[in-house]
Structures are given as C-alpha cells and as structure tokens.
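Some structures to go through are shown next.
In the two complexes below, chain A is the common chain; its partner is chain B in one and chain C in the other.
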Partner chain A sequence: MGYPHPSHPKETVVLSQYFGDAGARSYEGWTRRGGYEGLRKALGMAPDAIVEEVKASGLRGRGGAGFPTGLKWSFMPKGDGKPHYLVCNADESEPGTFKDREIMRWTPHALIEGCAIGAFAIGAEVCYIYIRGEFTEPWNVMTAAVAEAYANGALGTNVFGSGKRIEVILHRGAGAYICGEETALMNSIEGRRGNPRIKPPFPAVAGLFALPTTINNVETLAAVPQIMVRGSAWYKGLCLGNPKSTGTKLISVCGHVQRPGNYEITMGTPMKELIYDMCGGMLPGRTLKAVIPGGSSVPIMTAEEAESCVTDYEGVVAAGSMLGSGGMIVMDDTTDMVYQIWRLAKFYAHESCAQCTQCREGTSWTTRILGRILEGQGTQEDLDLLLDLSHNMTGTTICVLSDSCATPIVSGIRKFRGEFEAYLSGARAPVLAGV
Partner chain B sequence: MAEDLVTVTIEGTQIAVPKGTTIIEAAKQAGVLVPHYCYHPSLPSPAVCRMCLVEVEKAPKLMPACVTTVAEGQVVHVNSDGARKARQGVLEFLLINHPLDCPICDQAGECELQDYTFQEGRAGTRYSKDAKRYNPVEDFGPDILYVANRCILCTRCVRFMDDVAQTPVLNVSERGDRAFIGIDEDQLLDHPWSGNVVDLCPVGSLLSKDFLHKARAWDLDKAASVCPGCSQGCNISIDTRDDVVVRLRPRPNLDVNRHFMCDYGRMDYRWLNRGDRVEAPLLREGQRLHAADWDTALDRFGQLLRDAAGSAVILASGRMSTESLGLVRSLVDRLDVTAAVRVPLGEEAPLAGIPHLALRRERTPNADGARLVGYGTDWSAALAAVPRAGIVIVLDAALSAEDVAVLQSARAPVVVLGTVADDWLRLASLVLPVTSMAEENGTYVNRDGRLQRYQQARSQPGMARPAWWVAGEVLGGPGPDADAPATAAEAFDLLARRYDAFAGLSHGDLGFSGRVLAGAGATASGSAGGTR
Partner chain C sequence: MTDRVEQGTAREPAAAWEPVFQGETLARLKALFEKYPTKRACLLPALWMVQEARGWIPEQAIGEVAEVLELTPAYVKGVVTFYTMYHTHPVGRHFIQVCTTSPCGLCGAEDTLRAILRETGCGELGTTSPDGRFTVVEVECLGACGFPTPILVDDADFIESVTPANAAGILARYP
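For the complex of A and B:
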C-alpha cells in the first residue's frame, strides 16, 4: 500500500499489507496475521525443494540487480562441510529508495521469517542483517522482533522443534553508502573498511569471512514466506508484463507527485498508472518532466519515456533505464535538471570509497564541472569533457559507484542538453555562486 | 604440452604459462609491460589503480591484468585503442590532483607516474579551472616523510605494512578524493623494514629523509651488489653520485630478499664513503712508516712471509670477499694457521610475511664464505694466538682497544691489509691499502650457502687494490708474474681449484641472483669446505 496513504485499488498488496499496522510488529500479532506459516512449511521441506520453489516463482533480487533469487541460492556449494552464511542487505542507502525501511518498521517478522527460510535453504545456520546506520527506528523494531523470535523458538538452536539451528545477528552500519554494495557490506561486517572486493571470487565461493555466502535484499527475503505459503504458481501469476518479471514490487515514489509513498504494484504495471493514478498525479499546475525510476544510479527518463513505460525489469530497460531498487524520483517542470544532476554527482563524490582511480577522482571532478556550469562559468567544452570523463568512469572500476555517477550525467546531458546550454549561454541565471 | 600450462596470446606473442598466472605476469614473460601502479609482485593485488586494464577478446569489458588469470586460448591486447584510452583516462585522473613539482621531487626520473604520462598521457591538461587537493606533508617516522599531495592512493605502502611487515600502522583515511594515507595515532612508521615503503611508492609521496634532495635519479650510477650488513645477503643496488655512495636500495632476488631490504642495511653505507683511507703502501723503516710503491711493498710482504716461522694468525673482517679471504689464507699455508673473522652480533629482526628473510644476528656478510676457506669465528682464540705467532696478518678487521693491546704484544711482524687509516696502524711492519666492498668485484656466501657476486660501485682511493690482488701478486713470488689473477673472476678460479665447495664454479655461473653451493643446508653454518 502507498504508505502512509491508504491502499490504492490498482496496487497489489502483499508485502505492504500491514504497513501502518502496529499490531503486526509483535510476534504474537504477526502469527495472528498468518506469520511464520511459511517458515513452518519450509522446515518440513528439503532445502533443495525450497530453492526449486523460489526458482519457479520467478522471484528476482529487489535490491537493484534483479538477479533470479532461486538461481542465486542454487550457486551455494552443497556438502562442502563449511559454514555458510546468509546476509540480508538492509543498508538501503540508494537515494530515492525507502521500501526496506517500511518493511522493517512494520513487518519485522516478515523479514526474520524470510531470513530463516533462506538460511535453511542454502544450508546456513547464521544470517546477518546489515541495517543502515541511519535507520534508528527500524533498528529498534528489528532488535525487539529478533529477541521475540528467539523467545518463541522461531530462531535459535532448535527452530520450532525441527532440530535446525538458525541464528539472526543484526549488524548496524555506520553510514557509508558504499556499504550497500554486497562485498563492501561483507567487509564492513568483518570489521574492515567498507571497500568493495574484486570479483571473482563471488560470494557463493568466498563471501563473508571467506566462506560461501548468499546476500539478498530485504524485500526479496520478505517475499519468500509468501511464496512458501501461497505457492510459486500464485507468485508467478502476479505479472502484467514480461513473464520474466513476476510478483509484486514496492516502488518508493518521491518528488513532485501528489501522494509520495511506497506503492506495491504487480510487475508490469504501467508507470503512467503509478504516477497519475496511485500517486495522484503531479502537483497542481505542474507537468511531468523526468523520472529516475530505480534509485539515483539509473539513467534519467524523460516524461515521454516514463509515460510509455511498463514497470518491470524488462520494461524499464526497454524505456532506456533500469528498475533498480524501485526508488522512483519524479520531477516536474520546475525542476532544474542541471542542479539535480550536480546534486547526485556530489553525493557520489562524497561516497566514493576511494579505491579506484576513476571513481575517486572522476566523481569529484565531474561534480566540480557541474558546479561551475551552475555558477555560470561553464563552457561548451565542459559538456564534451563531462561526457568523455563519464565514458572513462564507466565499466572500468571494481564496483558500479563510478558508473552510477556517470549515468545521470550522460543521460542528463543527452536528454536535457538544452538546460545545460542555457547555463552556458547565460540564458539562465547562475545559481550556486561560490560553490 | 604439460597439463598445467595455459597457452595465451598477448600482443600477438603466443606463450605458455602455468595455470593461475595473472595476465600481467604472463605479459612480462611475453616481453610486454602492462603499465601498473598498485600491483607489485611481492604484495597482494587489490586491483584499485585500474591502470593495468587490458582488452581480453570476448570479455565484455576491460579486465585488470593484475588479478585476471590466464585462460586457454585467451587473446590479450595491451595496446588496443580501448586499453590505451582507459590508461590515458587513469593517468589524467591521477594527475588532476597531483602537483607539477617534479623539479623538486626526489622521485623524478624514477617516477612511474612521470614515465607513463610521458609515454602515453595527454600533452595538456583539461583540469585547468579548479584547485588541486592540498594536504600538508606528514612525518611518518624516523626516516619517512609522506607528501600527501603526490599520493595516488595505490596502497602499496598500506599493504606492505599489513601483509608483509604484519604491523598495520598505515591505513587509507577518509573517502572520495579526500582520501589520504593515514597513520595510526601514537604510532610511527619505525618498523625495522619500513624503509621499503619508500621503494614501493611508485611516485614521490613517501620519501626517505636520508636521501631527501640529495641527488637526482638520473645522476645516479648503480652497481649490483650484496648488502654487507648481515649474513642474509640481501641483493642491493649501490647508488652513487660522482663516486659517492648516496643510498642503498634492494635489488629483486626472489630467493633471498624478494624486493626488500631492512633499514639497518639500508642506512649502513656511510663507511663506504670514509675519507680517512690508507691510500699508499706503508713500510716500516725504524720507528716510522714510509710510503712506498707496490713493487717494494709486495717484495717486503713476500720477505716477511718467507721469514715467518711457526704459526700465523689472520684477523679478518667478514666484509672481505671470499676471493680475498681465500687467497690471503693461501699465503700462510705452510704455517700453523689460526684465522678468524669477527662476527658482530645484533638483534634479529624478521620480516614476518616473508619466510627466511630477516636482519640476522650475524652482522657480517661473509662469515660463511670465510668458513669455507679456512677461517673460524672464534675471535678471542685467534687473539690469544697473536703473542706466539710467527706472523700476524690483519685483513681489514676493525680492532677494539683491547684487540690493539693484544696486537702490541706480538713478537712477530704485523702486516695490515687495511682500508681505514687507524691510529693503531703504527704497530704494523707493513700496511697495504686495500679496497672496500664497494670498490671491487667479489663474492659473498650468505647464511644459506648462496654464493653471490657484488660489483664495483665506486673507484678505489689512491693506490688501494683488492686484497685478493695483493695476495695473488705475493703468491707468485718476487717479480712480474703473468699467472697472478688480474680480476676477481680469476681469483675465484684459484679458489674453485682449491676448495670443493666452489669446484666447477666460476663468476660467470652466478648471474645476478647467485647460486646455492652444493652441500649447503638451510644454514650453511655447519658446512665446511675441505681442501684438495
């Protein structure tokens, strides 16, 4: 549901059903709402059968990459005699994304249950949930919920009397964006500097503490109990677009719409319905200019691209962007695109971990050039320079933070070149003097 | 073809390398240098500088050559347009915050940023409108300065301290382009091997205070040598400027010291530049020593040897070459010989990450070579034999006041083959000026029985000659002798004919990394060379 707004008829409410319902936070309240049925069912299944069920559901990673979850789980070695780890990425730091926060705030047990099922499926006894440092309320809610889950036998050395040991350890981040990158996150848990690692080795081979590890997003894991209870066929049936995109997706809509919030849509819902129906359309008197559909790292879409876009993994790619994390930033005609792109670049420059040269230096350099353009000091060569630097920053580094900085710059210049030209020619008055 | 070999084509050259080899190392074998900064063969690879990105056919994007292992049939392009553009991009990014202070930077001339930029960087800057990042110079430790502004964050220094020295005092502090190399509060970079971070730094960011502004890299002459500091025998380069030794640096030898040397060895070079040298042969005439020519001096030495009866004592420095020790020992073969090298002792200082590498307790480079040619290390026993000796030869040994007092009690003539004009030379009947290890060619045998060559780094002072030359001339008897060794290699050939340990070997066999002598154990302290 479009929390904090009431559910819209066009939503498909699965994960967000109890958003705003404080009664769902407790163990007792959660079980009364059907909670932990999925875990009980899973414990009666063979781990491989769980993996197959999730594979059949078509569930894909909700953190941004959209990798098929069951397939990822199947990469974990079997019978290797080593401890395995499940890590839940609850670092949700992608600008524009705020869905995992609500899952943890309102339905902490959905996540714990999903973690327990996932851990069981991949042969892990320990699951770390890495929670973003700034998430004070979700941290408190999760802490209480984990304690309750232990007290009620949903976690511990003998989960629901099955003889299985499943532990959940909460780990609080310290406020670095890059720690949402899965390998940096694992370094952070290990007490190292949160720098992304080189792949290979991939986490399934050598992840957390150099042991086989699977890392999943909050929303992904929270969907797993539903699949266990209602079956993969039901989940797979939640599809309005490409059959490779199934289930529901929480879209965090922010920006210049009437009702910003988290909307749970069936995969394949037209973006136009999301913006104009569920979110109530643009603010009075304004028109849509641009949409960043999947968190700040994905290409910016024009109004036309957004309005004709089908909201699923394939649909957004076809429209020239990516579904990403589902953090949708909607911008209207009053938006200064140059300023917004500068602001995004500034964020990446601040958050670069400083390992790779292109990222460390490129994010800051491009930010300075954009700042200069906003100050009215830009030249035509600066646009070519931005594009060339962006080219050098793309596909050349360990992780994609560098690419993420370049993406809005490239798509911004390509799609909104006129706004840049206005600053260059002096047609638009400088802002940011002295930045 | 062996099963564990992989065939790859790099820049058109097909080579077979062992499975698991990285592209960067395979390229080296194909004769192709992949430009790089963070990669170092003796450190773990973080693949962060992104300089070594190469094009691998069928790969979707450029691959870091330092961590990508070869695959059968792989075709690698180091100089394709894409790889070149990527490198040019990295160079440009590295330079935007790098000061153009090459004229005052010690690294200039041996700077990898300078070299690669010169090779394929942009001619001009596109970063002309913004200020460069500024951070003050930091004092990291007894000999190390950190010039943050020049740092390219390759993290070699951090990894050396973390993984090799295993004393993690350095770190990357801050993020983004604010990042710099930090040092833990209340810590100093004073590990006994910390000087290596200066060599590892590809730019002029970590500097040796000892070498600061001393010489320009292109003014240096380099000689391949062996560290005379201890029995480890680290391979070094002696760098001289205008015939003055200005620094010692490690020279790679994967079997001895990999790419490293300790600070004790690194800093112990000033004795090679001493000005108070014996520069001419000195002959005793009554109460005084008179300068003489070599013919006269050699004749006198021969006469003293022929006149000697009973026993001989040789007090030698362990810094003497095997050739000098061996040939001088030969001079007194007909006598009852007590020969010893002095082995000063110190604290052992291991380099934790490299097995079998340490600053050794035995602070002399050739005690094992000396053992092989008939010397002991029992200094006091040798001293005790001095009063009854028929002749005493001091082979450049540094003598303490007590040693000198014993020498005064000698009834027999004292012949000194020495470098430094010490006061106690007044005791000598004959003083012959010899060269230091920096002024001659020769060999040392390290504690593992590895015979290694060192080469002359500076000219000899005055009339000084290598001690093996002196001994060789005397061995041939009075007058010109065509058979006397004219080079250290010829002197070694004499040893090879005489000592089993060197049998069949010559200088030409040793190359730049030496050769472990047959029969040498993990430590050669027990090995003995029998005479034929």
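For the complex of A and C:
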C-alpha cells in the first residue's frame, strides 16, 4: 500500500499489506495473519528444492543490482563442511530509498521468516541482519520481534521442532553509506573499517569471516515466505508481459509529488500511472521535469523518458536508466538540475571510503567544479572536465560508488546541458556564494 | 553519516576516569562474544556501549575497548574515525542530525536546517549552543525521504516531517 497513504487500486499489495497495522508486529499477530507458514513449509523441504522454487519464481535482488536470488543461493558450496552465513542488508542509505525501513517497522517477522528460510536453503545456521545505525525505531521493533521469534521456537537450536538450528543476530551500523556495499558491510560486521573488498573471491566462496556467505536485501528476503506459501508460479505470474522481471516491487517515491510514499506495484506497471495516479501527480501548477528512478546512483531520466517508461528491470534500462533499489526521486519544473547534481556529488564525496584514487579524488573534484559553476565561476571547459573526470571514475574502482557519482553528472550534462550553459554564460545568477 | 564535530577537548583528566566495561556492561559485552566467531566483531557493539554510557568515545575508552577485545588502541581508533555516528569529542546535551540530501533538499530541508540552527542558538553547523543544550549537524540521507525533513535526536528519536513551522515545538521537548 502507498504507506503512509491508503492503498491505491492500481497497487498489488503483497509485502506492504500490513504497513501501518501495528497488530502485525507481534509474533501472535503475525501468525494470525498467516505468518510463519512459509517457514514451516520450507523446513519440510530439501534445501535444494527451496533454491529451485525461488529460482522458478524469478525473484531478483531488490537491493539495487537485480541479480537472480535463486541463482545467487545456488552458488553456495555444498558438503564443504564449513559454516555458512546469510547476511541481510538493512543498511538502506541510497538517497531516495525508504522501503526496507517500513518492512522492518511494520512486518519484522516477515523479514525474520525470510532470513530463516534463506539460511536454511543455503546451509547456514547463522544470519546477521546489518541495520544502519540511524534506524532506531526499526532496530527496536526488530529486537523485540527476534526475541519473540526465539521464545516461540521460530529461531533457535530446534526451529519448530525440526532439529534445525537457525540464529538471527542483529548488528547495528554506525553511519556510513558505503557499508551498504556488500563486502564493506562484511568488513563492518567483522569490526573493521567499511572498505569494500576486491572481488574475486566472491562472498559465496569467501565472504563474512572468510566463509561462504550469501547477502540479500531486506525486501528480497521478505518476499521469500510469500513465494513458499503461494508458490513460484503465482509469483512469476505477477508481471505485465516481461517474464524476466517478476513479482511486486516496493517503489519509494519522494520529491515533488502530491503523495510521496511506498507504493507496491506489479513489475511492468507504467511509470506514468505510478507518478500521476498513485502519487497524485505534481503539485498544482507544476509539471514534471526529471525522475531518478532507482536511488541516486542511476541515470537521471527526462520527463518524456519517465512518462513512456515501463517500471521493471528491462523497461527502465530501455528508457535510459536503471530500476536500482526502486527509490524514485521526482523533480518538477522548479528544480535547478545543476544544484541537485552538485548536491548528489557532494553526497558521494562525503561517503567515499577513499581507498581508490579515482573515487577519492574524482568525487571531491567533481563536487568542487560543480560548486564553482553554481558560484558563477565556471568556464566552458568545466563541462568537458566533468565528463572527462566522470569517465575516469567509471569502471575503474573496487566498488561502484565512484561510478554512482559519475552517473548523475554524465546523464545530467547530456540531458540538461542548457541549465549548465545558463550558469556558464551568466544568464542565470549564481546560487552559491564563492569563497 | 554526519560531519565530524570539532569542538571541546579530546582528553579528560586521567584521574576522573571510571571504566565503562565493568559489572553489567562488561557482562553484556561478554554475552556478545557468543554471537560472533571473533572478538574483533564485537567492536562496533562495544563502541555503541561506550557512547551510550558516556555520550562520546573518549581516548581512555578506546584503550579499554582495545584491551577487552585484544586489539591495539590504534586499530580501534582507526575504526572509530571511519564511522560518523561515533563522537570523538563531547557534544551538546542533545545531538541533532538533520538530513539535507537531495530528496529532502527538494522539499525544503535547507530551510528546516536554518530554522533548527536558529531555534537552538547553535548558529553554525557542528557547534554546540552556548548553553550546552544542542549540537546540530547535517546528515546524509536518513532513509526516510518520503517524510521530509527527518531528523535524528540523540541517536534515539527519529522524527519525520520536520518543517520550519514545527521545529520549535519539537525542540522544546529536549530541555
């Protein structure tokens, strides 16, 4: 549902059904709503059969990359005799994204159940949920729910009498966007600085504590119990013509719409319906200018691109961007694109872990150059310099934070060049004070 | 994910130091050892315990944490300074983080920040108000972009939809 608003008829409400319903938070309330049926069913299946079921559903990672979840699980070694780990990524810090927070606040047991099923499927007895340090309320709700799950036998050394041991341990972050990157997150759990690691080795070979590890996003794992209960065919059927993108997706819509919130759509829903029908469109007298559809790290779309876009993994790529995390930032005609791009670059400069030169220097220099354009001190060469720096920041570093900074800059200059030119020519007055 | 706060003194007189890890707090930390295969993995939780107890991470606590977790103080310091939520200096009685990242910025976060700076008497970002009551910093995306502008008070109270109009009323709850 379009939390905090009532459900819109064009939504397909699966994960968000109980958003806003505090009664769903308790173990008892959750089981009364059909909770823990998925886990009970999974415990009666062979782990491989669970992996196959998730593969057949078409579920793809909701954390940003859209990697097929069942396939990721199948990379975990079998019969290696080593401990395995499941890690749940609840670091949610990508600007524009605020869906995992609502899953944890309202349906903590959906996540715990998904973690337990995932752990069982990949041969792990322990799952760590890494929750960003600023998420105080989700932390408190999850803490209470985990305790209740243990008390009711849904977690522990003998889950629902199956003889299986599944532990869920909450780990609190301490302020660092980069810890959402999967290998940085593992370093952070290990008590290290959150620097991403060079891959390979991939986590399935040597992840957390150098042991085989699978890492999944909150929304990905929360969808798993539903697939167990209702079957992969049901999940796969939730799409509008494109079998590569299935299921529902929570889209966090923010910025200049009448009703920002979390909308749950069937994959393939036209972006136009999302923006104009579900979110109520622009504020009175305003028109759509641009959309960043998948969290701040994906290319900016023009209004025309957004209005003709189909909201699924392939559809958004075809329209010139990426679905990413599903954090949709909507900007109307009052928006100063140069200013917004500068602010995003500033975000990446602040959040760079600084271990790679291209990222450490690139995020900081692009921010300064964009800043001087806004101060009225830019030159024509600055646009070429920004593109040149962006080029050097792409595909050259350990993780893609650097690429993420370059993305809005390159797409912004390409699609909104006139706004940059206006600052350069003096047609537009400076908005930042020079030093 | 805030900018570091540069004020106050980093050192307190050694004589005044009362260890953090004793009694119940030490027991809580030791219970955590069961949840991780290494003691090093208890570092972030241990630092949170220090900050909850003392409001910031003093030099002496770094030594204490290093000792209980069998790490070096230099290593612990390296980790403390990576994460923006750990305070390496004392802060005001109430520590306020205001999101100003683009999605909130589109919806007036900068006006909200200005109002909060004015109401708290902090004047400038990262400084503590003369009465010692507030420290205000900018924070990058708090993961609640649909509820502009969210603020986080004292690493505990997450408050949505703060505006210049309701800021004073919210701050009044923090004497």
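The definition used in the following text is that the second predicted complex is superposed on the first by the 433 of 435 C-alpha atoms of A that agree within 3 Å, B and C clash if a C-alpha of one lies under 4 Å from a C-alpha of the other, contacts with A are read in each partner's own complex, and residues count from 1 in each chain.
To be clear about the criterion, a contact is a pair of C-beta atoms (placed from the backbone, for glycine too) under 8 Å apart; a residue touches a chain by one contact, two chains touch by 3 or more.
Keep in mind that this is a model prediction, so the values were computed, not measured.
Participant: Just checking: does A:F347 make contact with chain B only, chain C only, both, or neither of them? Give me first, second, both or neither.
Facilitator: So A:F347 only meets chain C here.
Participant: Check the residue A:N242 against both partner chains and state whether it touches chain B (first), chain C (second), both, or neither.
Facilitator: neither
Participant: Tell me which partner A:R193 touches in the superposition: chain B (first), chain C (second), both or neither.
Facilitator: both
Participant: Is it chain B or chain C that touches the larger share of residues in chain A?
Facilitator: C
Participant: Touching A:T97, do we find chain B (first), chain C (second), both, or neither?
Facilitator: Second partner only.
Participant: In the overlay, answer first, second, both or neither for which of chain B and chain C A:G133 touches.
Facilitator: second
Participant: Counting only touches as set out at the top, which of chain B and chain C does A:P260 meet: first, second, both, neither?
Facilitator: second
Participant: Output check: A:A176 vs chain B and chain C. Expected answer is one of first, second, both, neither. What do you get?
Facilitator: both
Participant: Using the superposition on chain A as set up above, list the residues of chain A that contact both chain B and chain C.
Facilitator: Residues 176, 193, 350-351, 353 of chain A touch both chain B and chain C.
Participant: Please name which positions on chain B make contact with chain A in the complex.
Facilitator: 46-51, 53, 61-62, 64, 67, 85-86, 89-90, 92-94, 96-97, 126-127, 129-130, 152-153, 171-172, 174-179
Participant: Which residues, counting only chain C, touch chain A once they are in their complex?
Facilitator: My answer: residues 1-3, 35-38, 40-45, 47-48, 69, 71, 78-79, 82-86, 97, 100-103, 105-107, 139-148, 152, 155-158.
Participant: Please name which positions on chain A make contact with chain C in the complex.
Facilitator: 4, 83, 92-98, 100-101, 132-137, 167, 169, 171-177, 188-194, 209, 252-256, 260-262, 296, 327, 329, 331, 335, 340, 343-344, 347, 350-351, 353
Participant: Can you list the residues on chain A that touch chain B in the complex?
Facilitator: Those in contact with chain B are residues 176, 178, 193, 198, 349-358, 360-365, 368, 372, 377, 385, 389, 391-392, 395-398.
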